[in-house]
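Here come two complexes built around subunit A, the first alongside subunit B, the second alongside subunit C.
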Partner chain A sequence: MKWLRLRTASAAVPSEALTRPQLGWLIAASAAAYAPHIGQQPVWLLSACLLLLGLRALLWQQRRPTAPRWLLVALSVAALGAVLIAYRQIFGRAPGVALVALFLALKLNETHSRRDAHVLVQGALFLTFATFLTVQGMATTLLAALSAWISLAALCAATHGTRGVRDNLLRSGRLLLMAIPAMLVLFVLFPRISAPLWGLPLDAHAGRSGLSDSMAPGSIAQLSLSDEIAFRAKFDDAQPAQQDLYWRGPVLSQLEGNRWAISARTRHSFAALPYTPRNAQARYEITLEPHGKNWLFALDYPQSLPEGSTLSADYQLLARKAVIDRRRYAVESAPVPGLGRDEPAAILDETRALPRLGNPRARRFARELAARADTPRALVASVLSNFREQEFTYTLEPPLLGDDAIDEFLFDTRRGFCEHYAAAFVYLMRAAGVPARIVTGYQGGERNPVDGYIVVRQSDAHAWAEVWYADSGWTRIDPTAAIQPSRIERGLAQALPRGEPLPFMLRADFDMLRALRFRWDALANAYNQWVIGYDAVRQRELMARMGMRDADWQKLAFWLVGLGALLLAVYTLWALRQHAPRDPWLIAWRRVTRKLARRGLAQEAWEGPQAYCERVAAARGDLAAAMKQIAALYCAGRYGPAPDNTALTELRRLARHFKP
Partner chain B sequence: MPNSPSKNLQRVLEAASDVVLGKPHPIRMALACLVARGHLLIEDMPGVGKTTLAHALARLLGLQFARVQFTSDMLPADLLGTTIFERDSGRFRFHPGPVFAQVLLADEINRATPKAQSALLEAMEERQVTLDGETRALPQPFFVIATQNPAHQIGTFPLPESQLDRFMMRIELGYPARDAERALLAGMDRRQLIAQLAPVMDPTELEAAQAAAERIHAAPALFDYVLALIEHTRGAPEFEVGLSPRGGLALMAAARAWALLAGRDHVLPEDVQAVAPGVIPHRLLPAGELRGRSAPDLTAALIAAVPVP
Partner chain C sequence: MRARFERWLFRLSKDEAAPVRLNYRRVFVLPTRSGLFWAVGVLVMLVGAINYNLGAAYIFVFLLAGVGNAAILHTFRNLVDLEVSALYNEPVFAGQLAQVRVSLHNPRKDARHGIRLSLEGSQAVAADVPGGESCTVSLPVPARQRGWLVPNRITLETHFPIGLIRAWSYAHPRNLRVLVYPQPEQPPQALPAEQPAGEAGGHARSARAGDDFAGLRPWRRGDTPRQMAWKAVARGSNPVSKLFESSGTARLWLSWAELPGRLDTEARLSRLTRWCLDAHASGREFGLTLPDLEIEAGSGAQHLEHCLRALALHGLEGEA
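Take a look at the complex of A and B:
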């Protein structure tokens, strides 16, 4: 068999260079690794990566060699420069991810050998993982899993170049499935700390839409066009009526020009409830999407403070830290009659204050109304009836207003969105000397019939007013309800005139789409609640339910290590069983070859026993006789016509005593 | 009792090696092919000893030998024979062509037109010839050694893949080594040597050897190996066309004959690996990496890719 051995030494050993299908797999794996980043990374970065990827794919498709080295070096320098210019540094999360993304595409352009393939697959897996540094939603997870699947298939292809596409996909899919138990053990038992391990930097939520700490005409109308979810709420028992769902957010008492802002005075906040708690009328849990500010939303008025929160002097629930991760908290609410009756004079003064100049017509109008009304309540009623009786229009597209915005709105344009009405109302009240302020937040929400969660979107953003009466304290007045009661009762879509640009999700003509969206939303919510929201508290709850009391990190680590070791043992046994020979002759023979392998004389997978025996005999003259005897017995036993048991016993004996 | 088949075959090998110098391996392959009842295709340059090999084998096995030089104007009748009217007897009489020999050397088979080629290939497959509505059996044993000249393909009709499959083996002879060539130059004329050769076996003994080869034991573990090889040629992307079932049968038959030549009563994976370079490459259509690689390279790559179970 010498002729064969000579040949194989030079030609038949699978070469280290990658074949065309293998390269195709690597291109696919890199492309898949970019997929979860779409929408997360800047467009220039993704297009640059796509161009580099496309270059390699084109050369691959046309069976041409890779780009020259000098070009790649130049491109690498350019990539580094681009990242430096875009991020002003190369350290940190965002520039780091950008560098990995760019260099993965560059590496693909110089991938030739199997070693390169391993580097590339690892890079693709890392890039996939890096998605979770910015987003952790369900869709992202699915995309990342898909990408990992393709990357592993590419690894399979790079290792065994001879398999077909289906086989590689099946194989890597099986690997992923096998990883699931390990993943579950790690996920459930890994000791949770309150923040994600890699600590998202504060800038992560900078661009999010949501309420802000000031309001100008048009700002809420702008927000109303967004479908984005602000938070989800789930009531423990009965859900209050739709028109009572006023989710209190920032309270604006300071007016500067046309801009309403949070008052510095009310930033002072209470660590305990400033009033006696009452029996709750609504118990609910809120899952707040991160918005980067520190306000939490609740119905009027919270009867308990969720962990890590305070109550501002204007009764807004505040988190101690900005909400940069999805946050879940339980609240109980009940009305507190007469709240604010003993409001300090400073606050009352502030909520009566107006800028010295501006809006003369409104001031005059307020004085006229005040002269006719004998109580603040009567004044409120006459202002609201004025809104009702005059031709005011509720619209998402109010005309632009000048410096005297309130005047123009009240007497000229008469077209506005909730913030116009709230602002005009509060202005008139203050002009007549009644303390009043604007409350922003969300009104209503849509009940998802699939899981019973109330989904509150940015399009539910609302602004209303609060008036202070000497006898009953702060009282909510919603001027929008006076003009357009259906906004409060049935939601924005019903209240707007036909033909106005509505947020997509609110349109009635997409019923099927909405039903689908409900399902998706319920699924995403369940994922958020149980996967992303699986924090230290939930972990403790779950452990308690499974019978582990006070699950501290030591106990968890103990179980983690124990179960991990068990899993490892199961996998190992399974893998060994897969490869363990069943044939008794082969078992005895393997015993011999194992011993020889330890001496550097392993049997090649393709090598027959006789050829192997000759090779061993040539390399180790001292073993020649024993080896020939063993090989003869094995060959006759395994391949011969009538194997007998005495020969098997003899082979076993020889194998046992064989000492290379 | 006559000598055992494998002893006889050993002596044939030894005697043939004295005539065809320095080529023990191709001689062994050719003999194994013959014992496995297969036909042989030798692809090589002129003058490397193809005829000598064929003639010597025929002589040593006590078989009739005929040689046909294939040309482009050759007709099937030139090969199969023809019926001629004889005036003396007033009857038609069949004059058998060279195909009615026990060992037929078909020289430069790719020079003939497909028509003449297929006449031979049909005879090889059926082991009988049908002419003028009459079926005539060919002699037993019947063994065709065809040669192809790979270097000068102009004006030739290369055998299509489907017909290559009819040959159990395709081998190359190659130039002799220096020592062998020196002995060749110094020694007697080969034709005289062959004329002096005494037969080592007779056709009955050859028949017995062929039957003995068919009885060689193949264990389930060996079938597993052969199946793994076949499946690899069909599944791997390096091959556009894999091994046919006929190819698999040929591989087994050749491996059995090889084991008989080695004096064993069972087939080892090594036997399969040894005959593989002759049996497998001409039945495959390599693609990708392996396109255009030589037959031994191809086989080595295939063998290295399939573990022995």
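Take a look at the complex of A and C:
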């Protein structure tokens, strides 16, 4: 349809071809859609898109026509080829996103009409959405919302071309604000399905840092340099003391050379608890960051198994499937006295075994200590007091160790991190014939005063030991606590000597920064818990808390429709809201014209008050006098200089008593 | 059947009391093609969010759904409670483009944007109406036939603010019409010969103006500049016109009956229209006789208008 330009002052003249400012908006919307992908997509892809975007922006800036069609066709073929080469396919998530990104940039180079603008904005929104396939953090969500805002402003500009930048931003911002209540209702009540519809693609989650299934000297120290969050814990009631927070992870029983590893023997797992459950002493919920392994962390010892988990023979909580999504589970824990008293001989043999050769000094030392001690308990006490009495240093930067690492550490360097102490301790125990093994996991954690969550970071990674006593079974011994009690009581930052390289998040120098970090972290956690982690279970919990029992999809749909209708009604009232004319003169005059209209003497649109008055007077002689008076008062009040109040009162009185 | 359904659904009626307020019952809302495209896009993204169980993606998808919902209300609000009335329109000759003028009044405080108006068979015109104000829109309509041109109805439509939704309404306010004069004959025929006074019976009493000066009277609308007493005006008095007395000189009678018999009604009207215009242009007095109407000789714009109106409405019953 073609539009005509007319002399009416206010006539806008929309046309199908986009104007230069409208194109500028579209370029901005495309650029905003790429922003959240920076750092997520391969560099070649982003550079190709930015080049195409830059080309269009340059041509736009110089007021030149778009690139020729043959060039765009050639570039499209090239884009398809590049995706095929890079991903070996064009279907699937990653190549799909790459194609959307490339074709958005190409489409921008041939956008001319209003219809193109709509296609382009849809593409930009789709590309923005695609960000969430790789990252879902709060910052990403904010960037995506910003991109949606600019896209909507571009649509505003394309629909109504004559408005300024500020106007378009305000209007689209208002649309977004009005969308938020509907979004919240939908988000909370839209029924969630617990399992994916057709499974995650294999590339959904790449490897991440965390504990591994084996430990060599230095590996935990390495991990301690990272302030990435491993998991968060929230206790239902009282939180246990800091020094009791031993989050059990992989248990290492096998020693090969200097490397401790998980034993295949203890990997068989129980689907039900291998001991009688006791009253829980700690109830808590853990939100585990994905780490790609099937380990779950819990305090000793779990009294119930969370859904989809088992317990290994060395009492580690295991997920049936690798944790590739952020996962939330509730656990109850309590000590189990005498656990492992009836351990099978095979496990005891394995936890006493040492390689045939190596570390001769340590072996001799262990035999000497064993000869002096009557019981395994006495032996443990003498080893720990040895650690305490000798000049051992707790450090993140121990010297490198050779083949007989235990010997060198115990008798030469005497500088080490928790894994050194745990390894040396277990070695000495085994050399003396006492079953012992290394337990890795996390110790402690930092309580966020803002939301009460305990945040456990990779820097809280720890290694300790377990010793088997014939009368009481497996008992936890933490040699690090003997050397550096503050590590266990107050955390890593307090235990290390000054000047050691600490992860940024652990530095205590800036109190204000710390307070800020607590707040940010609480916010990010709330976002993780309630936005990213809002799943079928959470939804049921929330509904139960709001008084809806057994929320199934029918109940949810009922409430969804009900609240949606309520929202719509409120909005419709807003849409119909009127502002009555404020001018009191006009209100009084309208009162008169309404009465006359009922008698078939409505004021015509082109009729001024005087002409109208004359017409009324001619048609109804009986009203002539009153009408003339009213019209004179009205004209003087509304159009004359400085109207006064007595005249207005008089006009109102006349209007009230006017009876045609 | 369909027409009746439409009349019921869209509450169509002719000559509604002006101003016609587009209340909520007569404003209709449906998505445009882009709006449907948007809805499909949101659904596809929703499936993605469900499949990958992405909380943040749910937020994004529901935000876009909410925007679509808000757009419905914004577009609806942009049109609802607008007041439409028809303005007086200048008559045109058949074959010309008539301008149907419509006044839009916005009783609300905030402005309305991008209201498109169109008449059946005409091009659309867009207008913005500032808050609490009125604006005038001229809709071009080809005038094909003499008589009253009454457009079927005005379609008022808006896609504002983001083009996903179309809100529209129909209105036919009172006096939505244009007078169309007959098309002047082409090529023009020479005017008929003037008749001396006293001839043709009753025509003589129409003598009101002539060549002999008979005095002055206050100027009236329709008096030609030639009649103005410029000397008197120059002296500073109110505008006055010279009054002439006819002294039996010739005058022009444009008569239906004297036209050649082979001409049909429209051709006759067409020729008479041409003659009226020519006679007026040459500043002469002329009278007009039609089968059922006789207009006394006269001159001036008002006289011409009177004659043309009679020609336009000749034979059309019930119209004045």
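Following the convention adopted for this analysis, the second predicted complex is superposed on the first by the 425 of 660 C-alpha atoms of A that agree within 3 Å, B and C clash if a C-alpha of one lies under 4 Å from a C-alpha of the other, contacts with A are read in each partner's own complex, and residues count from 1 in each chain.
The criterion applied here is as follows: contacts are C-beta pairs under 8 Å (C-beta built on N, C-alpha and C of every residue); 3 or more make two chains touch, one makes a residue touch a chain.
Note that the coordinates shown come from a computational prediction; the quantities given were computed from them, not determined experimentally.
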item	value
Contacts of A:P641 with subunit B and subunit C, given as first, second, both or neither	first
Which superposed partner A:L152 touches (first subunit B, second subunit C, both, neither)	second
Which of subunit B and subunit C A:F132 touches, first, second, both or neither	second
Subunit B versus subunit C as contact partner of A:I532, first or second or both or neither	second
Subunit B versus subunit C as contact partner of A:T19, first or second or both or neither	first
Contacts of A:T140 with subunit B and subunit C, given as first, second, both or neither	second
Touched partner set for A:A182, first subunit B, second subunit C, both or neither	second
Dominant toucher of subunit A (residue count), subunit B or subunit C	C
Which of subunit B and subunit C A:W606 touches, first, second, both or neither	both
Partner chain in contact with A:R115 - subunit B first, subunit C second, else both or neither	second
Residues of subunit A contacting subunit B in one complex and subunit C in the other	1, 3-4, 7-8, 11-14, 162-163, 604-606
Subunit A residues touching subunit C - in the complex, by the definition given at the top	1-4, 6-14, 114-115, 118-119, 122, 125-126, 128-129, 132-133, 136-137, 140-141, 144-145, 148, 152, 155-156, 158-160, 162-163, 171-172, 175-176, 178-183, 186-187, 190, 192-193, 196-198, 200, 204, 325, 531-535, 568, 571-572, 574-576, 578-579, 581, 597, 602, 604-606
Partner subunit B, residues of subunit A touching it in the complex	1, 3-4, 7-8, 11-15, 19-21, 161-164, 583, 586, 604-611, 635-636, 638-641
Partner subunit A, residues of subunit C touching it in the complex	17-19, 24, 34, 37-38, 41, 44-45, 47-67, 69-71, 73-74, 76-77, 80-81, 85-88, 103, 105, 107-109, 113-114, 123-130, 132, 134-138, 140, 159-164, 175
Subunit A partner contacts - residues on subunit B that touch it in the complex	25, 217-219, 221-222, 232, 235-238, 265-270, 273-274, 288-289, 293, 296-297, 300-301, 303-308
